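Shared between the two complexes below is subunit A, which has subunit B as its partner in the first and subunit C in the second.
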Partner chain A sequence: MIMTDITLTIDGKQVAVPKGTSILQAAITAGITIPHYCWHPGLKAVGNCRMCLVQVEKWPKPVASCVQPVSEGMVVKTSTDEITKIRKSVMEFLLINHPLDCPTCDQAGECRLQDYYMNYDEVPSRFAEEKVSKNKMIDLGANVMLDQERCIACTRCIRVCQEVAGVDELTLANRGDHTMITTFPGKKLSNPYAGNTIDVCPVGALTNKDFRFKKRVWFLERTPSVCPGCSRGCNIEIHHEELKVYRLLPRYNPEVNNYWICDEGRYGYKFINEDRILRPRILEKNISHLVSSDEAVDRLAGLMKGGALDEIGVVANAQETNETLQALADFAKTVLKTRHLYFSRREVENPVSDNFLMTADKNPNQAFVDKLGFRPLSTLKEVRGLLVLNSLSPADMKKVIEKKVPILGIWASNENPAAHSSAVVFPIPTYAEQEGHFTNVRGLTQKITAAYPPRGEARLVSETLEELTERLQTNARSYTQNSYPLSPHL
Partner chain B sequence: MVPSMSLILTNRVGQPESYTLQVFEKTGGYQSVKKLFSLQPNQVIDEVKNSGLRGRGGAGFSAGLKWSFVPQDTGKPVYLCVNADESEPGTFKDRLLLEDDPHQLIEGIIIACYAIRSHTAYIYIRGEFDLPCQRIRSAVAEAYAKGYLGKNIFKSGYDLDVTIHRGAGAYICGEETALLESLEGKKGQPRIKPPFPAVVGLFGSPTVINNVETLSALPFIINHGAAAYRRFGTEKSPGTKLFSVSGHVNKPGVLEKPLGYPLKDLIEKDCGGVLGGKRLKAVVPGGSSVPVLNAQDVETVKLDYESLMQHGSMLGSGGVIVLHEGVDMLWALRNLSRFYAHESCGQCTPCREGSGWVDKILVRFLREGGTSADIELLKDISNNMMGKTICVLADALAMPVLSYLKKFPEDFAAHFRGKTAQAQMHVL
Partner chain C sequence: MTMEFSPENKKKLAEILSRYPTKQAALLPTLWLAQGEFGFISQETMEYVAGLLDISPAHVYGVVTFYTMFHRKPPGKYNLQVCRTLSCALRGSESLLDHLKKKLGIGENETTPDGKFSLCTVECLASCGTAPAMMVNQKYFENLDASKVDEILNGLK
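Right, the complex of A and B next:
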């Protein structure tokens, strides 16, 4: 379809936009803000909140700018006295039955009612009647809590379910000021994209069971990143304070995930906070000892020097960044000169996938692993020992145990069976604590940034590999397998 | 000379078994069909345009013009929806047509469908209409049995199916786009216009929605021609209209009158005057949504679109509610606000919240008394509701509020705090 441009004037500014654009979108193009609740750039416009009403010259009534397409020569006014009064009145209407429970509301700080009250209303209430009471604590399912009193009936959540998840799970029941969002009788909210209803809710009606009451949002810092939950590479924002991640939110990227993420990705952040390996350690006579990083490097160098370096295999992991994978590949090829380049990956039973965002490959970087020529660990040949990145899948772990191949060293952020049986363990940052790139299923390479410095004594894999290289090339203290026998696998 | 008898719509009303096909055909029913099929659809549209017939659902838009907006090149079916969801308080004219002359409506449906080239009509009938629904159902069945509906109707080669759909008790479903939503199986909520139903209507197809009374006038227009229809009524408001008269009159009921008929005559001559010989206080002339008239207005106003407009009100659905001097207009207004607060679909903020707010203020006014600040607040809320929403339900409450306050300020002043003796009489 050929898109012809339409020229119109908004608040005296000339704007040219494609035919079919709404006034509201044209205003955004022109850098003019029109307040709105029900309109969301990723959803069908319904024009019910009436906050975005504007005046068009020669038109008898104000129009909802979110649903009104532009027309040639249209003269739009968004800040007349009448429009100012309408915005004030819509604010007043929205607040008369609102509980005004901001102090205990989790949306405080990111609430459109709060923001627009300051921008467009800022007058005391004229409402002297009794407010409509509704249910304030409904567990809709899928981690979504509903407070019907705070709801402004904008229907964004209904539309997310319909248009993003493709299911009819939420609806408006009743009429007038008794209108309320609800699930269908006896049914729960259960679609794998349900968390997006919380994101799009402009007020405190839908809150996240996982996040609510844990943190005031204004204390949170926001770091752009990429979801490591599967090979889609959805763009996310990590919300964190100090050295803790509180939630993940989708970050707009029309090439990948638009405005959305799946719930699997959304709640997949817990490993960043829990079960972390924070200090280097070595296994000595089956007992784990915390050691300094230097000692750990020394120990590993010693173990490696107990035989030919090219008999050592390396195991990359599809959870790690391009940079880490590249460093390991370089180390294997130039220092070890080994041909034993393997990879392992995160495997889950019955992985969920769909034709929208979720892929069955629950790793963010299989594409780059493949590109570097790492082979599946199932093809493991005779090696003297293994250097492992991150972890081993249960099947790979079984293979290593069967072949009685010792794990000489592992670089891991979280506790896992391979780390428990490794002679040397190096703590590394999670994806949230480092810069780098992931290459997604469609070959798109995307940047991740560090929300905060690596926790504990975690260091980048490339740093320890550099030190290891130095140790292997000099005649530093050497350890032999005999003097420090490796533990059997746990 | 203004004729006083029924001439177009209600000729069969009150006749024994007028709702049967037999009586209908004996009294000239289905006569227009023969002529209809000798005309081209566009000729039918032109004839109806020329008749000046205006939509009787309330908006008063030219019926022929509405039909002419239907595009014929979309490759989609065209639908006719019959709006039989008569729910406007004070309005009960369609009920009469459905009960006493359902075949006249079916004949009108055939004419309208032929004109817009539709082969499918839906009758959306108010859920509470039990007898009307029975009557239209059996009439449709009779018509099918006789070959007047279905395939090749009247052996004309033209197919037409009619389906009856009962509403589930929502006033808003009488709003034409909410009706479409409801018919599609969704919650009855008005749609944003444009696109208009003529272009994107039922199931995304071109659709015309006509009121029962509008369609019932069509057989006369086809039988006798546009000029004959124009002999009734005024230049700009041709034809006759049904008026549902209720309230404080001696003989309430549905009356067919040519448009332009004096309201005073309707009350005094046709309805036997104000009940109990009391003085007239107010008249709501076009269903509960329209601005109220006081006794002085009633002296001069005529029942047509233009005259009522001049008096600051509207012809609407023709639901004439007569109130005598004993009525407290605050109480009457609260009666309306309760209805609109209950019936607001809840979609648009100003209507959803405003209708409930107005109702609560009026209740407080009645129970505890109010202040002049409350009056100003009511006016402001009404102005903030009016013209700010997807459909006109908000206006339908705001207009009465503003007009009651303007025309009967003393009734509200009587409820100012400290003067609540009268208020306590009202059991809410």
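Right, the complex of A and C next:
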């Protein structure tokens, strides 16, 4: 709104920002970073850390730029000698009782105390007294570990609980150098967004039980992606090294999730590392054999040629990308010319949902599955075999067994019951290892990127479908499906 | 046993609440009322007060622990509160505290086995001009030294 813009000067740069903007935010607009601990763009400003003090011309004292709104013609200086001296004093106070245990601290490498110390140091220490010692290992609950000695009492975690999760679970107890973050005695942190307290903690006070002591953060690469945990499609960063994912962090997107993700999504990455299908295999007389990708494609083509192609059903999955779903739909419609287009999806018992980020549909891409016209597998008609993407929900698996429909081929990233009973199994990448898109519950299509290449011999579904198309259109050897019955124990 | 204010204190609480724009604002006088009735502020009391004022127990805990005047355990008959802030510290409150500890055989935030004395340190008692200072329950004692403290203790029955 141009009408209400206020013009001010920060470090010689003219900036126009809407009325009510804080000096700190105006400075960010101008590309000037003012150091701060307690201010967070997603939380209410409280002005308690004093690190963001700046000078305003003609004003008698420095002001906290995070809580001071801009005014017309204001001339702000963010890095005068006096301000530098003040920030050094703030740092000195913050570090008086700090344990300086950076070598064993998980925050090292992404710690504001470390970062700002490079700019505002005061060497040597003038503190001759004994440091106050506190508890260094408190399990606050919900995977959040607290080291009270490292805390600088900025209250970001308290505000995340209040403002994001909507529950007042944390507080500052005691006073002065005995101040500490705590829950009510005997109570645990238990809100489904508790992990965000760790993200906003500017120091090593709150660390993640799931991540701590596993990896130095500077070894981690960061890949932008979208959470596949539910249909919200929260934007995330995948933090990985080589072929392993170590953690997921929220990625700012004001359209979807702001600065936050839920804990369910945050800790939903384990399947990327564990229980993977990494090589193609075929089931022969109920015994699984590892084969080359070529052999697997040959085998599946042979099985499919044992009868009419349009009597084969395909089962899409709401876990897969738009590109994969589209490739499967095209294959089914143009190559198989089948009308049997179904889908399955991840179903959990008592799915948690709320009015904030979590939806009850624990799939990232139901919207696109619906758009392509796939129908629920519960409506399964007579088919002579199925091609399955990813997996089948327990109910769908039951249905397939009841109907005695063999699974001819499956494209799966992880071991699952459908893969165990499929005649041919193709390993595919998880969402972390491929490019593509998910369409979320509100119809927003968002891009995911590959953190690293597909593991093992995993290949994109579209690649094997192309090869399969070629094989089906030539006179390759034909297998009869009778040799590969559905495993009786499944 | 569920905790509840006496009818008289319920009336007082209603009067307190009428004085403030929000329920949360009435926290300190409500806690004071509770300490008056129940003798100290237990966890149960904090949860009761939180419920009365529609705020979280965590917030109440933060406030209770901030103020040394709220007791989380039943205090002794005589609660000795030694000022630990600057002026008193410069005028010898630390050795005064040591003297009291030795004499009573208890540490900070402890009570003698007979329940007579409890000892704690508090922030500035606003008596810097007559430092070091100590409060015994609601009463001030100033310009203290070890012998004066002994005298005071002897006078407390």
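What we mean here is this: the second predicted complex is superposed on the first by the 478 of 490 C-alpha atoms of A that agree within 3 Å, B and C clash if a C-alpha of one lies under 4 Å from a C-alpha of the other, contacts with A are read in each partner's own complex, and residues count from 1 in each chain.
Just so it is clear, a contact is a pair of C-beta atoms (placed from the backbone, for glycine too) under 8 Å apart; a residue touches a chain by one contact, two chains touch by 3 or more.
All values derive from a computational prediction rather than experimental measurement.
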| item | value |
| --- | --- |
| Partners on subunit A (subunit B, subunit C) - clash or fit | clash |
| Subunit B versus subunit C as contact partner of A:Gly443, first or second or both or neither | neither |
| Partner chain(s) touched by A:Gly186 [first = subunit B, second = subunit C, both, neither] | second |
| Subunit B versus subunit C as contact partner of A:Phe93, first or second or both or neither | first |
| Subunit B versus subunit C as contact partner of A:Val132, first or second or both or neither | first |
| Which superposed partner A:Pro124 touches (first subunit B, second subunit C, both, neither) | neither |
| First, second, both or neither for A:Leu172, with subunit B first and subunit C second | both |
| Subunit A residues touched - subunit C or subunit B, whichever exceeds | B |
| When the two complexes are fitted on chain A, the stretch of subunit C hitting subunit B, from 2-10, 20-28, 38-46 or 146-154 | 20-28 |
| Residues of subunit A that lie at the interface with subunit B and also at the interface with subunit C | 171-172, 174-176 |
| Subunit A residues within the subunit C interface of the complex | 167-176, 182-187 |
| Parts of subunit A lying in touch with subunit B, wherever the complex brings them together | 46-51, 53, 61-62, 64, 67, 85-86, 89-90, 92-94, 96-97, 126-130, 132, 152-153, 171-172, 174-179 |
| Touch list for subunit B against partner subunit A, complex | 170, 172, 187, 192, 341-350, 352-357, 360-361, 364, 377, 384, 387-390 |
| Subunit A-touching residues of subunit C, taken from the complex the two chains share | 43, 46-47, 55-59, 61-62, 65-66, 123 |
